[in-house]
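A, B, C and D are the chain letters, set down in written order, and residue numbers restart from 1 in every chain.
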């Protein structure tokens, strides 16, 4: 076997964890602790880190103990997470001592033992506007306990935090779930106090927020906002996964994640969909897809098969984006995750001869480069046409 | 996307197939034709080709038309196959014209369109001894239609065929399914007319035949002997796969398969088990498994986790093969296919100090290097011991 | 255990089958021959028989031997089938002797051994109009070998056959796949020579044909038109099933199926959808769904849960069909197949008091009583409203 | 639909739950809250209630908030549960206020809203002997907080509690995991202070404890001892279920469960196995299995098929338990959960004639009536033998 780290992702290797003896029993017979890697390729020389920057525990209104969170993150194949308790809402205060920094402290040893990065964060939880705001890469969460929301955001920014607006289209705070941008958001934005927006929170995608990120150069975020054991919220059994932010980072460190977030190098993994800037989604597509063949001979109206393998875990849904002059192409084709499928093309004429470069145009409907706009891609084929034989 | 062939496996690319227009309709709406690659790595500079050298169609006693076979092979991720009709038993002769070369002719265009290698073969079907014998890489099957079995085998050998004994422990021909080697087999073997043996046929493994292959330097074969649509015989739904021969070939050609078979470069993929010579199984294990970590610090009796990823589709079942002096190790561990699991090791003493190279010994129970003998492997760890802190 | 027949469906019990010794080997170790029952309830005193009246084998242009068909039918939980070879198109005539009655003869013993009903049928295969027409319950298929299509249909009708128009919207015969009714169809219809229409063939649903059946009082049919091993055509692994006709029959006999077809007592099972007359679909819904509760107390704006169990294998997709005065109801609810789900309803006012009968209206989107028209259903609740307590 | 309760199991119907508004948000889009019923039949006029009497939350050393427990129980199809915090071990006391009755109080409203029965309990947690002891149907847990374990048990018994010994073969308290019965257990037993024993705890089965229950007339218990979100402990995805106690109760009430426990009317559901007294397991088998056929005609050495349907969710693993005079039977047969399979029997002679009652004997290996002893069952067949025809 190879003794090296997984795809350069793990920096520190094995660490001391006497704490874990208690919290992570090693069962002899049962071995249910298994990690499933998330198959989305690295691109452009960056690592594609899978991150969730928004979740809760019993220290605000979640229903799990903090040590559960790194285990879930590890099992699901993510790399980094942040527990972001509501600063203003500790539902279980009668039973659980209030301590905003406590989730982080409790979850840290388990995260480190599993080589998961944990980022200190919190959720500033106000009525709309400005609604809920997450701050991550914090040092002292207590400083965010202020009367005015602006003071809380300022306290976060002063600690160097990355600040983003949570679920801007949440029906709980926006009429009919429509994302509305208020004067308060303009103010935060203009002060440089809003660095990103959740365009996806748990099960919901907010197309308006997607547009805002593109127009205002904000970082696109997607998070689970998990309150319960994660399997209460997503049906992994049926192939679901939590909403997450893909961070294109220079290395597998917390600092590198922070740098990437401030540099807007993210995309969003939501259901069977990737959402992000065209330059990133195109690379993910290109690194995922292998086309078997460079040269094809088409005899009259015969049919040839081009084999396309998709090594990622996203099934790409392609729709023909125009006609091709000399060949017929399928209107729809799904490049199933982890599978090889056939692109069958067929000559349009019995008489064609000669050699030609054919560009076969598709839109990938579930790689969203803007609201309602799929990524355009092309398959390039070298075709030699020869006439059909007489029968 | 990358425009190149899959892992060097496809040589010829796209070929002319007007024939296919009829037999492989391209359905617009339904796209159920999907190939699942078999994840077993290439080793030692060879390609690991997945092959099935034994199956039937309506031209002997099978229940499918020959064009079904290459489609099944493609969908299941195999690379090459041989239809081997019984020479002496054409069950459907009243309805289907007898023609021993016909399955090959009919199946060839579909195989080529899908870039699957088809090898001409046949099954010499006699009572025991010597029982049933397959010959593959034939030129003219009709020449094998002889009264004496020896003449049939000779006719095959004269064509340069690779000849192997089928299901030597078949209950239909061996009392209680015990593999018995007869004088007739000695004779074939000594003449150089027996090159391999099926140590697995369909659902059955023959440990005696396994031993014979090791002792007599014969090639280990495993085949499906499929008569029905393959999904009648294997429950793919539940993760089953057909019995198959892994051929370690210099390139993805029929000639290279033949060379590898005569050179005994094969292993057997049977249920969740690989069977073969140690040198091949060790490489498959090593190429499949990644250990994350090189250096570990153990404080007293604390526990550390080593992450092991298995990129193959075989779940390796490990059993501790001895004690380790200074650390406790799990007695059993399963390296689940495609997953990452934890090897947790624990210091045995509170007082140990110093640096040590630790070899952790396991047997891989389902990588069989001889009957009942698993492959021994070791994980090598650099450990630094430091005493536990006082509490 | 109970020694009786399954739900009254099996009449004859165990039958003599020496033929089967050859074609159905009893394997000691492997037991992959398993039948999955189709969970759709009996209704209105009729048995709900699952039938497929359209498929092919090597005796026309299919790619399996006829004995495969009853095995597939048994495994998939169906009750009856018909092999309907193309009378005019025997693709494999060079290799397979032409004999229109042969598939039936070959498939019959296996069908009977598995207690599956086999119905003799054939497909009159002409260009449009009138296109392809199936005739089932035939006695002698050779009589349908005529020059004029009308003579073939007449020969079928003379034998007492049930005659239906196949795939009326097939792109191979109808421009753009639009179902067009020609003068020829009027003629057949007016003579009483067209008893039903396939409103579903394999993967395709024809809404126009659905309308014709409702308007012209024709029997709705759905069939697989299978040519290949069925698992090449449907992905059972992912929960797919073949298109089939549900026949509401007085007993489990071929005669009873015939009577039901001529009496238009059918519905169509297609994807996760049932299509048919309202009276049948309503009964299937009612027999499938159990509501746990008759009486509910709602305190102010609190929430109560009603548990709904769906014992069928169809997941019913409900959409609210109007408002309810005093309570809020979910807009969408899926009654998952075989599962129990919660219908949560919530009081609209803090002050309501008194007792009330509440009718909660939904449309079942995937129970189609006409093109684009879901079945309306109601849940009836007895609610007692009491005011919320002061806090 | 039918407006009635599920199989008589639900007594009270819909109840007031204003509390739930906060803790169980009703999400419009996501509907992941689904209950899967456990398919094990009612027997002997009793309801077969599925119960788990042993689990933990953050109020001792578990890692979930108490409200999670009733939700898990509901989703998994159980009927009743008890949270049994360690009286002597509140791991999170620095963060969570110690209150032994609190888990019950917090979990109760959610349980009731979902019609799940919650039973107050606690775990007396002492070193071996006597080890850990559960007491359920308690009134005031605080009374069990005593110095001497006997006083704690007495306090439980005084409240009318049902008392059982937990995991008697736990490696943490018994050398090499061997169940050892100490003098202290004799003392408890003789005083009538031990009513049952866990013969299964989480993943482990204790055959010695199984024997003790049979010999000493103690109630057999199986529980999950869940500390984490249940999906961390069982792989439901792969068909696993939690260890649970089947209680054969007169009605669906807490009182009826208590009566059944004291009357020793239980069995254990563990992996794909049921463990219990023969009289209960036999009834479960009989109520689960339907044999299609009463009468069979065997012609010479021909083969006939008997169809066997298993409506339960346990796949019964049968092994032939002796020979049958005139017919051959399969050595092994699995009656797959929810499926129909074939029992094929074959005449032994070409010449037999006459009518005969045949008893076909099997052992059900995974219905354990004592350690290592499967339930014996018989299939009764009426066979008519007729001689084979001359060919």
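The definition used in the following text is that contacts are C-beta pairs under 8 Å (C-beta built on N, C-alpha and C of every residue); 3 or more make two chains touch, one makes a residue touch a chain.
As the structure is a computational prediction, the values presented were derived from the model and not from experiment.
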Review point. Counting C-beta pairs in contact, does A-D beat C-D or the other way around?
Key: C-D
Check your understanding: If you average the CA atoms of chain A and of chain D, how far apart do the two points sit, in angstrom?
Key -> 41
Review point. In whole angstrom, what separates the CA-based centres of chain C and chain D?
Key: 37
Practice item. Would you give the residues of chain B that are in contact with at least 2 other chains, written as numbers and ranges? Key: 28-29, 33
Point to revise | Chain contact graph, described as a line, ring, star, complete graph or other shape | key: ring
Check your understanding: What does chain B use to touch chain A in their complex?
Key -> 1-6, 10, 13-18, 20-21, 24, 26, 28-29, 31, 33-37, 113-115, 285-286, 288-307, 309, 330-334, 336, 338-342, 344, 346, 377, 379-380, 386, 388-389
Practice item. Spell out the residues on chain B that touch chain C in their complex, using ranges where they run on. Key: 22, 27-30, 32-33, 58, 62-65, 67-68, 71, 91-92, 94-97, 99, 102, 106, 171, 202-204, 228-229, 231-237
